[in-house]
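Paired with chain B in one complex and with chain C in the other, chain A is shared by the two complexes that follow.
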Partner chain A sequence: MSTYLRRAYSSFATHILDIPPRLLALLFLLLLLAFPLTKPRSTYLIILTAANMGAIFAASWDLLVGRCGQMNLGHALFFGTGAYITALLNFHLGWPIGVTIPLAVLTTVAIAVLVGFPSLRVKGPYLALVTMALPLIATGIVFYFKDWTGGERPLSGLDHFFSFLPYEQWFIAQYYFTLLLLVVSGIIIYKIANSHKIGVIFVSILDDELSSRASGINTTKYKLMAFALSALFASLAGAISAHLAHLRSTDIGMLSLTTTFLAVIMTIFGGVGTIYGPIAGAFILQFLQRYVLVEVVEVETHWQMIIFLGLIVVLIIKWPRGIAKFTTDKLEDLAEERPIEERGKHIWKRERKKKSSHEG
Partner chain B sequence: MHLLEVENLTKRFGGLAAVNNVSFHVDEGEIVGLIGPNGAGKTTLFNLITGFLKPDSGTVKFRGEDITGLAPNKIVNKGVVRTFQVVRPFRHLPTIANVLVALASPRGSKKIEWLRTPEAKALLILEKVGLTEMMMEPAEILSHGDLKRLEIARALATEPELMLLDEPFGGMSPIETDFLTKSIRTMHLDGHTMFIVEHKLYALMKLAQRIVVLHYGEKIAEGKPEEVAKNKKVREVYMGGAM
Partner chain C sequence: MSTRLVNTLIEQIIIFGTIYSGMLALLAIGFTLIYGVTGVVNMAHGALFMLGAYIFWVLTASFGPSGVPLVQLDLGPALILAVILTGIVGAFIYRLVIHSIIEDLAAVLVATVGVLIIIQELMIIEFGSYRWPVVPLWEGFVTVWGVKVTYSQLLAFAVSLCLFVGLWVFIAFTKIGKAMRAVSQDREMAMEVGINTERLYMLTMGISSAFAAIAGVLITASTTGFAYPHMWDRPLYWSFAIVILGGLGSIKGTLTGAFIIGFAENAFIFILVELGWGGVEFLRGVVALVAMVIVLLLRPKGLFGKRIEMEE
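== the complex of A and B ==
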């Protein structure tokens, strides 16, 4: 038993403890896990829950745009469609969330592939324009079926995940639930983006699509795959957001350009094409926008947005490659400055132990 | 049956016939050269064969199978691969990952089973073209000569039967040219048939067994290097009669 534990520990050490950026991510995760222990107000838990969902949403945008180079400015389509489909099924038919959310995600993936086909014939700024129009069309559809969707009014009173718990505990439960989802989806997206097959092909399409075809890659297939994977995680974030306390409702704003640009800002702020960047960006921006500017500085409402966006402009100019990329680069430089015998010391320790046990 | 058979291939851009009624063939195991002055239609011919352009008329057959107008990636997966005259690496990817892209193609991945991992095969290919030292560097910092060799490494990764090299010696120093000549010979011995466009005639004459000459989109001569060099028409249009 102890051998297994030791082996698990040494693998943990080589894969996480010895790599400074991963260690940082682990510490951040521990911080997030421990946060509810301070018995915070439910507002803070709501802010962090929103950050969890925003992080998944932004990371899915980064996979499509930062890695595969498909300039999608209509990412809200996936988020909103996911939210509206689960809400409609849950509200009108009374189906349980366990059924409606997977259905919503699958439908959105199908829609993503459908809109992907025509969109992929255009590139760059033209693709951006075409995709930007799609959520507007979806908004039009929502307004047209006003009786069903509520039009500009939200569909509220949807089911909650933890309706079996007392209301006061919903916030903590949904916080941990969304955090778990973020960790799982974050790792999956990161693994896809860095895989030696799909990830490498995505970057090759970003760099030079024609050249990728000359290497025998069916780029259309992989671009559609990028759309589908991205839509999967974006719609998951959207569908879950519709069932979160305290609102438990859809919002026509979920399909708006603002929602897309939230993902864009988070990604650029954190670091395009890094996957962990948008996740860090989501937390930092939520913290700035909804805690620092509201609770700490207490500026007037109409000044909040100006200061917030001004700050973003300054920070992006300061760190054009993203704040997370900047940090990890710095950490890697520090790691390289360490003398060689101190590097990867966990591995060395293990080797030494093995030797002494042989001698003994 | 010829390995590659091009019949009456024609491509017009507006009124200009970039490739006009060109027919030739490449046999298995040959090294065939393609020469011609600037604007003769050499690269257009390459684009037509590899599916990057669709011909107005004529057919391209590979092993007797009509591949005219197929998508480029499909043609690669049949065993015909090309390199680009102006290098087109994946700049954000490390050198080895550039090769991994080609190894991820259906044809590339099918042929690596005996080496078990794409990474091992990629290393082997990089060694063949002499890029092992640069394997972890991003392609954007590679020198021009290295990028030219990377193009060939990527082409090799798809295990082609026929390789179309578009000016592989372009912008290379004499030492690099020698090295590349050697690796092309090795690849030829490994069983890859070659079809090479080149401006550096000296390097090409040493390699090719047969040479096709294009001028204003038309084939004006074909034959052994010595014969072509002596051809009167070729001298007039291509070398300005100076030889």
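== the complex of A and C ==
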């Protein structure tokens, strides 16, 4: 028994304690786990639940865009489709959530592969604009079937996860549930992004698609795989969000540009291509937007938005590597001296540099 | 359907399609110009469209948020002022936001969406989320083949064609136009022969914004007739569909794309209405986007996709 314990501890020490960024992540997780002990108002739990879902959503975007380089600006399509399918099945057919959510996720993955096919033919700004159009087409469909989907109005009155518990415990249970989901999917996404089988190939496609195809990689397959994996987690976030106790509804806004943009902002804020960056970004931005700007400095909603977006624009211009990337780089620099040229590589800058050398 | 009915249908489609396509072309021309010269996908174009309409409304309105007239200029000077002011705002956006991240496609996209929403929120704060009436530049209508066409629609169509011809002449024959083509072909080489690319980019952004303002005033006045904070969304998506269909950065492609989408949408709507399917008006946008996706499947760079080109 004690050998097992010792082995577990030594593995824990080498994989987590010795690596400063992971230690930081662990501390943050402990902080989140301990948060309900302070008996917070349910508003704060709701904010953190939203942050959990946003973090999964943003991390899935980062897997597709930051790692594989497929500039998808229609990520809301996956989020919204997941939410609408589970909602329709649950609302009209009365199927239990345990069935509808997996069904919604699987259907969305199938849709992602379907829309992935045409999207693979186009590149760069074309891909960005085509994917941006897809959620709009979906919105048109939702409006067309408004007898079923509710059209502009939310489809409310769905089931939620913890209806068997007394009301006071709903939000705590839901908070822990989404946190668990975040930890599990965060680790899975991180593992995929850094795996030797898939993650490396994704990055090779990001860096130079032609070369990776020349070295015998079926880039189409891997790009579709990136779409499918990304859609899996995004639709999971969407489907779960539709069944949260304080919402219990779908909303046409789930398919809007704003939803996509939320993932983009979180990712850029945290650091593109890092996977942990978007997760950190989600928490920091939720805290900033829904706590600091609402309760600390009380400003009007529209000014909130302006301050928030102004901050993002300034950040993109002045600090394009993202806040989490910056922190972990600093931590790693403290832990070991890294060569200067390794520091502060911005993943999209690299792509662009390559392009200009082609042109020149 | 009888032959007469079919004839009326075709006439309707031709007239509405032409007018509508002209307006769509007017929408997309600025968007394609800025991409063609600088390689920037400028999402703030929607905001500049909105800004143009709002400035025009502020300058001409007979009543403002407080119930009293704000400025009340004549329509002509108001239009010119709106265009110039929007052009200046556009140049500022280039200088403050796009300039330092122009190398990075994703950053430009995200930052300009940020600017777009900031301007929208500023409009809400300043004027509320009401619909403010924008007066048409020219009242009245004519009847062509039994179809009612307002003068302001005709004006938008004519201005659109004039702008296209003007832009073509500008790019083909003037010194600045030649510089624009040079920069679009090879930026570094252009710098080497002494073209001030930064100033040129700023100028292009200014011109593109001015086009957005013209489109904002004319299209708003001749279609919905109102300026409101979300008025940018449909025009912006239409401009995407058009410029992608025609090929980003190609002026000829923009005109072609506008006509394809304009006719496709009108044919779709009129035929469905004629067959007795009401309530399909909101599928307009969907038709445009589906057309775009189909074209891209066949030609991944659009019909005439390149950086800016010379049409012979």
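Remarks
In this text, the second predicted complex is superposed on the first by the 332 of 360 C-alpha atoms of A that agree within 3 Å, B and C clash if a C-alpha of one lies under 4 Å from a C-alpha of the other, contacts with A are read in each partner's own complex, and residues count from 1 in each chain.
Everything that follows uses one rule, which is that a contact is a pair of C-beta atoms (placed from the backbone, for glycine too) under 8 Å apart; a residue touches a chain by one contact, two chains touch by 3 or more.
All of these numbers come straight from a predicted model, not from anything done at the bench.
By the document's definition of touching, neither partner reaches A:L155: not chain B, not chain C.
When the two complexes are overlaid on their common chain A, residue A:G140 makes contact with chain C while staying clear of chain B. In the superposed model, A:H302 makes contact with chain C only, not with chain B. By the document's definition of touching, of the two partners only chain C reaches A:G310; chain B does not.
Once the two structures are overlaid, the count of chain A residues touched is higher for C than for its counterpart among chain B and chain C.
When the two complexes are overlaid on their common chain A, residue A:M254 makes contact with neither chain B nor chain C.
By the touch criterion defined above, A:P118 reaches chain C but does not reach chain B. Look at A:A282: by the touch rule set out above, it reaches neither chain B nor chain C. Contact residues on chain A toward chain C in their complex (touch as defined above): 65, 71, 73, 118, 121-126, 128-130, 132-133, 136-137, 140-141, 143-144, 257-258, 261, 264-265, 268, 272, 300, 302-303, 305-306, 309-310, 312-313, 316-317, 320, 346, 348-349, 352, 356, 359-360. Residues 35, 41, 97, 100-101, 103-107, 109-111, 113-115, 117-118, 121-122, 124-125, 186, 188, 237, 240-241, 244, 248, 282-283, 285-286, 289-290, 292-293, 296-297, 300-302, 305 of chain C touch chain A in their complex.
Looking at the complex, you find that chain A touches chain B at residues 196-197, 200-201, 203-204, 206-208, 210-219, 273.
Against chain A, in their complex, chain B makes its touches with residues 50, 52, 71-73, 76-77, 81-82, 84, 88-93, 97-98, 100-102, 104-108, 118-119, 154, 157-158.
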